[in-house]
Amino acid sequence: MLSILRNNVLTLFFIIVLAISFTTDAYSQYLINLMLVYVVVAQGLNLILGFAGMFAFAHGAFMAIGAYVSALLMNTLGVPYLIALPMAGLAAAFVGCVIGIPAIRVSGLYLAMVTIGVSEIVQWVLRHWKPVTGGTDGMLVASPTFFGVEFSDDFQSFYVIFVVCALMTVLAQFVIRSRLGRAFVAIREGEIAAQSSGINVARTKVFAFAISAFYAGIGGSLFSLTQHYINPENFNLYQTIMQFCMVIVGGSASLIGPFIGAVILTWLPELLRNAQAFQEIGFGLLLIVFVIFMPRGLAGLLISRNILPRERFSRAARLRKKPEASTSVVVERP
Amino acid sequence: MLDVANLEAGYGPHLVLKDLSMQVPRGEIIALLGGNGAGKTTTLSAIMGLIPTRKGTVTFDNAAIHSKPAHRVFSHGVALVPQWRELFSEMSVYEHLELGAIQRGNRQSLGKRIDDVLDHLPELRAHLERRAGTLSGGQQQMVAIGRAIASQPKLLMLDEPSMGLAPLIVNELGRTIKRLNETGTSVLLVEQNMHLALSVASYVYIIRNGTIVKHGPTAQFHDERELFQSYIG
Amino acid sequence: MNPLLKVEGLTVRFGGLTAVDDASLAIAPGQIRGLIGPNGAGKTTLFNAISGLAPIAAGSLHLSGVDVTSFSAPQRAAQGIRRTFQTVQLVQSLTVYENLLFGLHSVARDPFTAFVVGGHAQRTNVDADRILAEVLEYLGMSDLQDRVVETLTIADQRYVEIGRALVARPKLLMLDEPTAGLSPAQLERLDDLIAKLPADWDVSILLVEHVIPLVVKLCDRITVLDRGRVIAEGTGSEIENDPVVQKAYLGERLDA
Amino acid sequence: MEFAFLLSVGVSNGCLYGLVGLGLVLVYNAQGIPNFAHGEFFMATAFAAYVANVLLGIPYALSVLIAIAFGGALGVVVEFLAIRPISTNRALGRASTEVAVVLSTVGLMITIKGLARIPWGDSVRKLPGAFSTDTITIGSLIISTQRLLIIVVAVALTVCLSIFFARTSLGKKMRATSQNTTGAKLIGINTGHIYSATWGLAAICGGIAGILAAPIIFLHPDMGTRMLLKGFAAACLGGFGSVSGVFVGGLLMGIVEIFFGRYLSTSMMDIFAPIIIIVVLLFRPQGLFGTRGAARV
Amino acid sequence: PGSALAADPGITDTTIKIGMMGSLTGPAAMWGWPTINGAKMVYDKVNEEGGINGRKIEVVVEDDQCQAPLALAAAKKLLSRDEVFMLHGGSCSGAVLPVREVALKEKIPMMVLVATADEIVAQPNGYIFRAFLPGSYDGKIIADFLATAPNVKKVIAVGNTDAIANVRYPVLEESLKARDLEYLGLEPIEVEATDATAQVLKVKSQNPDAIVLVARPEASAVFLKDAAKLGLDVPIVGATVVDLQDLLDRVGDPKPMEHMHVVSFYKSPLDGEPMAPWVDMLKKYYPDDKVQAAAFYGTSGALAVVEALKRAGPDLTREGFVKAMSDIKGLDGGPMACTLNFATDDHEGCKSGSVWGMRDGKVTAIGDSWK
């Protein structure tokens, strides 16, 4: 029984979220929606930062692209959301590919700088391309309509966000357990060895950017549903840093990490509301305490304590029902 | 001079060394031999203070060093050539030797001490200005050895120094160890190369599963068959 | 007989340093070729050049008659050139099984990747599982398959590296000092393994080693490299008795 | 004349960026990470000078010294409390340590800023400049004395630090520790002291920049944020790991920025820096003066 | 949702609950408590005097950090957890605009605290009111003012390009043209600029007769200093985003301020006679608060709310309140230079300000034409 739970924590998470949503008020519902949106974006960031080990700091910009593309498609062309949403993801993925090209050569902090630069450029375009983006005034986002029903309030948009988030989670699991996901890990651990196993490092990096940006684009589009109104400030560097915190606090390179991170970072500021003056400080201190005591994130801690199963990178290995011989032992090369 | 008594150490929850005792008398070359994963590297790391000890004592020159951090152990005159070399990949070979020498002894003799090292490891002379990260495996091994002996330690611990070295150099290494020993350095040598180990050591400890299972003067081990048996068996 | 690998006039330079200088060699199918030489002779660099990790300044490289000189590293891996590393290069946090899967990267294409990248799912996961099981069985590591690599001894890690190369059924397997750090017992075990690899896996082997008795025993022919140049080539006993090689590399026996 | 004037302003701006970048490079060399809290050293030290000079009425020069000491101490304390526990965690691989340390610096950034907001969040304050005369005139060129000071200090600090790293043994020990901590311990380096020294020095560099910039940009808790980005950009442009590289990187940014602004478009001034950086890094992925890492197999 | 008979949320026989939001923490924190307290003091005073129609005003304050997601969360918390009667808040336009959608949809009356974007209060809008000079209006005031200045033909704008500044440029351009002044365009300056040399030189090269400066205090101060240094001496008029006294404190030197004028919300400088009662009120209820320009931005809004609550009578409903508010005409703006006039189809209550300038080294209210 316990082991079933242990192996299906995410399913359980979705069931609980669904259950809560029947009994809650608009405030909590809104936060749940926001949390699920962050889950999607953080998953994307986790793929590139956690799994592929690349310092990409442009997720705010990717979100912006997703949000603006879907909003523009719906507002100006009247495209249904079912089409606008994937288009948002694809548009972001396209930009991701373009950024992925320098990433082939540039790594580490330099990559961080390049991606920060890209987000600044995206910000600039959003602020200055008035006729299209509305500039700093931002723009209203129409509510999506499915089969003639408008999904406008928090309770209704929840269903959209919930379904998309679940689908994206399944997709993430697929990616991780595919050879692409393994290639991410391989280039993180050492490009040289990866290459001589036949992994095309350049292509893998571009893919990492594309998929990760796809998630952020979808996330951005969903984000616009929770806000009904978007402006460039929603997607600045601060947003990117928040996503980064979610991945690390939750536990990078694990599927569950972004969930934990998004839950904590969405609700923590709300819980700190009562401590108004100390909200910011409390938040900062908590981050520090978190990384000191669980530098691999909460998920990493739970995995090393054997409470959660370790991440699998192959499907077959899971099918073969073998007792787990050993789990990861903490290791330091002396 | 070095006295390890009932040592216990390991990694996280994982205990590797159990009740390990051994001695390195002054001026001797002692070999510590054992199969892969027996705990040799762990022993050296524990003595050096790189990993914490849980039980037991390590005394060096009558000073207890088992709870001291590595840099303090070093200042007592213990140097380690680690199995994974641990070089500074962006720094030049010369800087390695210099850094090895800098923390002990006086500044004036620095140049001379580095020169001494280069006399022991002449191959390095040609590469003094190269960055360590670009060197070949064997060249890196020589840098690691050079860095350790530059500090003119009282006790030199070598973890598989012959790994990756060409036969010619291995022979040279054997002679170097002996020469160092003659100038007063005690040596604790971990080796897989039996030829080398048995030709320089005066006394042998054999470790298995984290404890010493056999020890005695080298002569006792000269029958290699028996030695293998004690590994595998 | 056509050589499996033909290296002609290969030169690799790093800035002012010529690490491999106009080196040529040819390896016949099924052959075990030894590559020895002093430290810094350019053995690893030659490996890197053949596997596509070091820039080739001059010379050419043919695999089974195909000119692969301009191929990238992953392309060469896909062509069947696989290798191990002087210092083990595995993903330490993953299991043995997952590490072996890396080897299948260019061969197997699972349904998801096929969907994204296009093309057919050439091998299903079940196939992959079968191939891996076979290799693990062969290496005698079936019971270690779910162990995380960082908990293995150096010997087993070297086996995993060989396994990662073998799963792709390479034509040429290059082993860079596979015995470094192995105990005599493990050395014997590895020795036996290498000896039977060519017959069992239809693979040629290029072996870099400093343990001369092992090289002499295993290899059909031996190439000696010094300062990037090929200074001798021949059978084990020819090499052992070659005065040039003795002077540059072997030195006199310690016990002699 | 206009050209000379623009140049003088560009150079002084660039020196400021370089000065901020210096501290970032120090921490990068020790820990291999960007220090997001660096802007806070900048801010905190400037406020310390403000408290000493304006609130407590201590003479300017003495206040500056006190503030610098405070900044250095802050760096040491912060490293000890928030960075050391992570970097000495044996159970972590290098990569996870780095990521965790980055997050810790983000936490520090938020915390220190939050702390500064309690007394000073309500409005903007002013720290006087080092000289009583605001500008001096050389020929037909009017230069602000504060900017002149920035240039002098930046050049001096860069030269000192370059020599420090290349020549002194402490500098070498710092480099060694950053490249391989275990290796450093093995040759008797007290790596803890090295980390303290590095962070202290980095904070001092940031602090000096803060004190110098404060008279120009005013004091407020967020004053470090933009500077952090500029310094980071300068360091990338010059190549992390090279002290003089950062200086040149900063200089380049300052000069290009002002000339582009003047002769092309001021509205694009904000994105010149990112564009230049992306273009430069595309051709030199390790920055202008950085060296490619010596990683091989 | 309830029957028509049930009272609206947030009202009991003895209390009215008002939800206030502001950026209490985060980068815009300096606008947070000062503006909230400046409004709250009006409520405090009303409570001290016995409340409105027997009800005391209960205020719940939430933080929005000037970020849209958090502002929405704050608004939703106030509405669904605290069940407030109305909202009074918002410091940043970007954060208030999503809240606007909620207020309109849920039919919640809302008084804007200090956010200046036109869209927030633009029609169609049945529920949201504002009682201070909105952003775009100072463009017209500036144009009218410059038209009366001697020898001014060509005008150039220098300013930020963030949301706060951007709303002002279209109206400015339009009004300048309407006054037959030539508009030379906008020279952007970063919000956090440390240097304005490039801008000053570009402006100089175009030879304008006057400059409109639409930049936040930091950038304005930088620009003024550099302008003085480079000898750019034409009249400059600043928008309401800066306060002249505050600017003078920042620049610290009267010389660069010589030509500076600023459109102000207020009847007089803080030490002037008309402001005295408000300064005293602040000192009474919030003695720790700094007496600064920002402190009274929200006051007029609170005055309007109180007036509307009074007029709506004892049977208070949200609809009744909105109606009462829409009927307010000619209400004194308190510290504000304008009188408040609302209408059903115009919720922008305050449309005038006054221009201040430096006269004899002192901050002086000049009025609406050049003197």
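Note that the chains take the letters A, B, C, D and E in the order they are written out, and that residue 1 is the start of every chain.
Quick note on the criterion: a residue touches a chain if its C-beta (ideal position, glycine included) is under 8 Å from a C-beta of that chain, and two chains touch if they have at least 3 such contacts.
Note that the coordinates shown come from a computational prediction; the quantities given were computed from them, not determined experimentally.
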Co-neighbours of chain D and chain C - touch as defined: A, B
Result of counting contacting C-beta pairs for A-D and A-E, higher pair: A-D
Where chain A and chain D are represented by their mean Cα positions, the distance between them in whole Å: 31
Between chain E and chain B, distance of the C-alpha-averaged centres to the nearest whole Å: 74
Between chain B and chain D, centroid-to-centroid distance (C-alpha), Å: 42
Touching two or more other chains - residue numbers and ranges from chain E: 25, 161
Shared interface positions of chain D, touching two or more other chains: 90-91, 93, 114, 117, 182, 267, 270, 295-297
Residues of chain B touching at least two other chains: 11-12, 50-51, 82, 84, 134
Complex contact set, residues of chain C against chain A: 51-53, 72-74, 76-78, 82-83, 85, 89-95, 97-98, 101-110, 112-113, 116-117, 125-126, 128-129, 132, 143-144, 146-148, 150-151, 164, 168
Chain C-touching residues of chain A, taken from the complex the two chains share: 174-175, 177-180, 182-183, 185-186, 189-190, 192-201, 207, 312-317, 319-320, 322, 324-329, 331
Touch list for chain D against partner chain A, complex: 28, 33-34, 36, 82, 85-86, 89-93, 95-97, 99-104, 106-115, 117-118, 182, 229, 232-233, 236, 240, 267-268, 270-271, 273-275, 277-278, 281-282, 285-287, 295-297
Parts of chain D lying in touch with chain E, wherever the complex brings them together: 2, 5-6, 9, 13, 16, 114, 117, 121-124, 126, 134-135, 142, 144, 213, 216-218, 220-222, 225-226, 258, 261-262, 266-267, 269-270
Residue ranges of chain A in contact with chain E within the complex: 25-27, 30-31, 34, 127-128, 135-138, 140, 152-154, 226-231, 233-234, 238, 269-270, 273, 276-277, 279-280
